[in-house]
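Shared between the two complexes below is chain A, which pairs with chain B and chain C, respectively.
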Partner chain A sequence: MAELAAMKPQRESFWRSRVWKRFRRNPLALVGTAIVIFYVLVAIFAPALTADRMGRNCLRDLGLKRTEAARVLRNPLHPVFWRATVAPPKSCYRIPRKGYSPVPKPPSKKYPLGLAGGGYDIYYGLVWGTRTAFYVGILVVGIALLIGILIGGASGYIGGWVDNLLMRFTDVIYAFPGLVLVMVVVTIFGRSLTTIMLAIAVVGWPTYARMLRGNILKTKAQDYVDAARALGAGGLRIFFKHVLPNSIGPLIILASLDIGSIVLSVAALSFLGLGPGIGFADWGQMVNFARGWIVGPPGEPLKYWYTWVWPSLMIALFVLGWNLLGDAVRDALDPRS
Partner chain B sequence: MKRWQIPLILLGFLSLAWAATLKDTYVYMTHGDVDTLDPAQAYDTASLGIIENVYETLYTYKKDSLTEYEPLLATSYEIKDGGKTYVFHLRKGVKFHSGNAMTCKDAEYSFERILVTNPGDGPGWFFAESLVGYDSNAKSALGENASAEDYEKYWNLIDHSVECEGLYTLRFNLVKPDPTFFAKLLYAGAAIVDSKWAIAHGEWSGTKKDWLDWAGKDLRQGYLHKHMSGTGPYKLVKWDGKNVVAEAFDGYWGKKPRIKKVLVQIVDEKATRIEALKRGDADRVTVGDWATLESQVRGLPGIKVWESKNWAPASAGVIFLNFKVEGKDNPFIGKNTPRDLFSDVHVRRAFAYLVDQDALIEDLFLGHGIKLTMALPPSFLGYDPTIPVYPYDPDKAEAEFKKAFGGKLWDQGFEITITFNQGNEFRQTVAEMLKANVEALNPKFKVNTQGLQWPDYLKSARNKMLPIWPLGWVADYADPDNFIHPFYHSKGALAKRQNLNIPELDQLIEEARKTVDPNKRAEIYKKIGRLAHELAVNIPLPSQNPFIVTRDNVKGVYYNPMRSGTFLWKDIYKE
Partner chain C sequence: MLTFTVRRLLQLPLVLFAVSLIIVGMMQFLPPSARAAAFVKSEQQLAHIDEIIKQYHLDAPFYVQYWTWVQNALHGNFGFSRVAKKPVLEAFAEKLPVSAELAFYAFLPMLIVSIWLGTLAAIYRDKLIDQIVRVLAVLFWSIPTFVLGIALVAVVYGYLRLFGIGRLPSDLIIELAQASAVGKFHYYTGFLTLDGLLNGRLDVTWAALKHLVLPALTLILVQGAQLVRVMRSSMLDELGKDYVRTARAKGLPDRVVYYKHARRNALIPIITLAGLMFAFMINGVVITETIFNLPGLGQWAALAAVQLDQPAILGFALLTAVIVTTANIVVDLLYALVDPRIRYE
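And now, the complex of A and B:
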């Protein structure tokens, strides 16, 4: 009798997995993904999209003359295209101004979305603001997630006095008034986008830590963890292979929701004078420019609609995209919860 | 919704209706915190806007006239000895807010107090010049190594300069004739303070005993900083550091004002102020510029815009350039930037070429403004409209920068912060404009902009810490010397904040002071303006035509450029 060759258990390929199938069958998932991809493309191609309206300083720092800017920045074969796309100089984040009038100007051929109060080009601000939104959103949430996972994970898995200590520490940070902490950090380390982001991240991780710890405690009690231990798996292996992946789901949802709201927090801080300076391309700043113009003169209440409609739409769509994506990922990973 | 909640909600709505200000209450919303309420220390429009309604002077301007005066705490006066002696007859039956009666003793105390304390950042200097012959207080004027005799002499000068003859006759003995002295007495800080009340609360005793302790003292530490007892139609109820509450004084000697309660609210946000005006929560607000006026305020129901082609401001604004920036750990200038950056005329001219005056007048004033050729209001004697104004020319600016410091500045670069007072959008725009234009020339030029609260702004400027800052000056008294001296003389109140010291300018200014013939004086002032332009000691900013915005039920509004608040609360009423 021939011996049957032992069949090696095959890992299901991701693209054939149930997770992917569930994801791609969910129409909202596709909408969310499409929206996020749209923003990703806008962010990546920001220099190409705004090549014809760049500010003086940005062009000077890229070494371009105004006449050749449009041609060069839309040509992927030119090295300056890559410089502008991958590592643009800081001055490119300054929204160019046309005049100094505090009164907004409606959309025109040259300025398709109009000029905000102070002469700021709304289109430029929104396009480069997408880069800022991703930078801020992903970095802040990334750092907060990292700290939260480390502390929450250690706390939940190790338990005992470590758990107690870490959770009390988390409580202290949680109780801290976030705004005050941000102001203190900015005062010490100076006004810049980086310091604000670090400050928000440092105050934002407790939520993740607590949530992860709760989920870990729940997962630890599951049967398959006992089974793994019975089979001889070590502590770390159990943690990284069995416990963590099953506990992290809700965190992903929370993180995806936070990416959108971080943009608004940075806007609020800009308003308080803690932001990266007036004129920096940031959606929140664009909303601030519209502050005094939301209601127009009597008889024409929507006269300056373009100052707040465009930035609000950008922010709302961004948040919506991430929400849908986050929901869809959660549904795909675990349709029962 | 539970039944018992309904009356609560109704009450809520009713209270909202009452929230719109009542007929006898006047709410003024503006930006710029009060610096101090002590008339011997206050030297800014935010503070004097309160002082001019609570304290009173001997004589004052009649409504909106700059040339007609009416007696206030004095009923008549005479000038004797060829202008060296002024005798004022004081009004009888005047009471202070504390209840004390006003006599010559209070007047003598008030003026001597100004001369004794005369803090370096206060208004005392132009009184001291006429009355004791020095422009600063005893400690600054005589120095640290002065002998007891020197101080004795100074005290005698003060004591002798202001004297009482009986209860109601006040006598000023000047050191030399000063044709501007009467005008100086119209300044809101030349007010009569309740001496008994002040002394009882720990202020200077009024005698030789402790005068030296008070010489040059910062009066913001004293009782009069936050408390007021004057003779004016309004008395101070409270100043909490931000807002000022005042109410009509029952024992006022003159006509009782129709407005009984006044609230001055400090709100830096323009949009908030305009909203409050629309809702009726404020009766008058500061709008700022014509562009905002025409686009957001004009035509709103219930709002009135007061304006007139005849209104001319008695003020001038410039961008100050500090010849030598001081202050250890100064956050407004880069560590490697030379502190004497602006001592080089090429740097100053370069900055002057980067201010786009036309854009400011067009975009912010909507054309309702004029360029100033020198730091003097065009309506004053000695103004020369033919002096050129530096045009906006980035190429010329670049050429000047390249010549600066022998060509080294262009390679080394610099980093400075342009500050402005928070809420003043005009100055903020000037700062942002300079930032954009300077940085566009050379990536090594770094210019930051920062808004400061008004009292902090003044303090930093007075401490000579600001490298470059826009500021305006309202006349203390209606004479060109009150602009020329502060702006261009090395000891001038403003010029000393920028360490300005140009002997030729000093000489011309002193010569003008001795000249009596107005035409000859005018010629000298024109010369000063031209020299100042060549050396670009500061950058004059365009002057905006004034306007006032109130609710349409506010009546009696007028424009007096010498009043910090443009009109007095006692003259208006609401229908």
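And now, the complex of A and C:
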């Protein structure tokens, strides 16, 4: 009996696992983690970071006066701080404007990163754009995963002609230039953040479906699945209780690392002018604002550098952080290395 | 090989069927009057939209509509593009050479450079050159195409006054338009670099090349970065295999082991990827053409999407699907030809 107890599989603690050790030893992994944490912090504390420059509508919806905004929004003991941080009203995602001059204004004390054409505060747009980025990234990965799990799961578990049909369909979507498909969806269903997110999710699921299918095929052949069947478990029960939980782990990790590239696609669309409405805090749109100001007047070609340098840096660093993190995780998970 | 070829070729109509079904299916979400725009051939016809709705059964059930749409598409009628002010097929044919020229000048250098760098990084694993290649690859992989494009426009074109934006300098465009009107300049291929040579106008070729440098560079840097990464890891995989050790044990020189044995096998995933790269390239072309003001397919599609020019977008999507699928099939066939193992899978 004692022997049997000793044979009980022991779950290795994550902190002692080889995967974690390998990850921790990789310097690029730490850089990536630091970058991602920086963005998470910016996103969480966006209201506090921009308390002194909130738009009129945002302040109204929060029930604040301009004079008290900075004090309240930087005080964690105040209930409005939590409201603004956890569930800010939609109006806070609108970039406040200082005047309506079409010409950008260089960085100043009040506007440290300058004003984009139309008087949009670049600093505000970038800080709140971080929130948009995470919101979009997480939601799109979620939807794409859901579709991928449905299709990949059905394909791998049922097999036969269902598998064949679903996988050929997956191939069609996979081989198609994603941006073109997204453009089709956006022109038909109209331009909005929701449409874009749905469109990118609709384009993004094939990788997940393929991966899950592969994992399921492996899991299906395990002895414990046969054992469950021998015990009389039904097909759906086996799928949800045994096959899916044992096939989905790496998929979820790898999918969540795609947030960087998804944010990149959204930024590209919004740069093309297919993004959310004008004035919504979103990095791609900030670059789009800069489109007419990339090359300055003769003699001062870099006069308006701040219009495109800051948003570009913000996007590139975000994607870099996720890519470094993703690389490190994939390396750590790879049993060959 | 024959069965493989036939099986692979049979996928083309299947893919086209699926894509057209998706596209026509999505069109059902539009009101009939918006769908009618896909069948309008000229601006005058826009006035009689109700007749067109009747004529093309746009209020009929889905399968009837699909059938009418297929018939029209087979006759090359994809409707009228408001943005290009031309029928969609005509606009596509006119803009295709611009994009194809850009893709051509980007694709080959990208393949060569990234295969070379990837191999080098793998051979000198963890040495300085590997570190440099890896850091550069992850950096350029992370820079969005439009960010790199804008940076190049601002710094290289704006500040350093090198190369150009657009397809040609504006004085040359006017001159060529006049010359072609009187039959002194012929657009044989639509590739300006080639047409310049064929017409004996080296200045045109030179100017066109100068205007292609920046957009091509943007595509090469962003897309090549991914290829370098794949090449490096694929080469590392091969270098770790037994046959490499055998080759070394036989006393073959390093050069032969690396380039004749390992690299040949390491190239296999690259060939597969090259087909997919083609699709990514189209994504990149949409953005680079917009930034560098090249009047190609990508710029047209981007404008059409912004201005909700549905016939243009739908036609563009379908024709792109044809090109991408054909390219993938060609790649697969080449691949099977090069590596006999593939055919029996």
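Here is the rule we use: the second predicted complex is superposed on the first by the 240 of 337 C-alpha atoms of A that agree within 3 Å, B and C clash if a C-alpha of one lies under 4 Å from a C-alpha of the other, contacts with A are read in each partner's own complex, and residues count from 1 in each chain.
Definition applied: contacts are C-beta pairs under 8 Å (C-beta built on N, C-alpha and C of every residue); 3 or more make two chains touch, one makes a residue touch a chain.
The structure presented is a predicted model; accordingly, all values stated were derived computationally and were not measured.
J.: By the touch definition at the top of the document, which applies to A:Thr207: first (chain B), second (chain C), both, or neither?
T.: A:Thr207 contacts neither chain B nor chain C.
J.: Does the superposition put A:Asn215 against chain B (first), chain C (second), both, or neither?
T.: In the superposition, A:Asn215 contacts neither chain B nor chain C.
J.: In the overlaid three-chain picture, which partner chain does A:Ser101 touch, first (chain B) or second (chain C), both, or neither?
T.: So A:Ser101 only meets chain B here.
J.: I'd like to know which partner A:Ser247 touches here: chain B for first, chain C for second, both or neither.
T.: Neither partner.
J.: For A:Leu302 in the superposed arrangement: first (chain B), second (chain C), both or neither?
T.: In the superposed model, A:Leu302 contacts chain C only, not chain B.
J.: Have a look at where A:Val287 lands relative to chain B and chain C in the superposition and call it first, second, both or neither.
T.: So A:Val287 only meets chain C here.
J.: Give the label of whichever partner, chain B or chain C, reaches more residues of chain A.
T.: Counted on chain A, the partner with more touching residues turns out to be C.
J.: Using the superposition on chain A as set up above, list the residues of chain A that contact both chain B and chain C.
T.: Shared contact residues on chain A (touching chain B in one complex, chain C in the other): 273.
J.: Under the touch definition given earlier, write down the residues of chain A that touch chain B in their complex.
T.: 56-57, 60-61, 91, 97, 99-103, 118-119, 273, 277-279, 291-293, 297-299
J.: Which chain C residues qualify as touching chain A in the complex?
T.: Residue list for chain C touching chain A: 11, 14-15, 18-19, 23, 26-27, 29-30, 138-139, 141-147, 150-151, 153-155, 157-159, 161, 275-276, 279-280, 282-283, 286-287, 290, 301-302, 304-306, 308-310, 313-314, 316-317, 320-321, 324-325, 328.
J.: Can you tell me which positions in chain B touch chain A when the two form their complex?
T.: So the residues of chain B touching chain A come out as 270-271, 274, 289, 291-292, 294-296, 298-301, 359-360, 362-364, 425, 429, 432-433, 436, 439-440, 443, 448-449, 451.
J.: Sort out for me which residues of chain A touch chain C in the complex.
T.: The touching residues are 28, 168-169, 171-172, 175-181, 183-189, 260, 264, 267-268, 271-274, 287, 290, 294-296, 301-302, 305, 308, 312, 315-316, 319-320, 323-324, 327.
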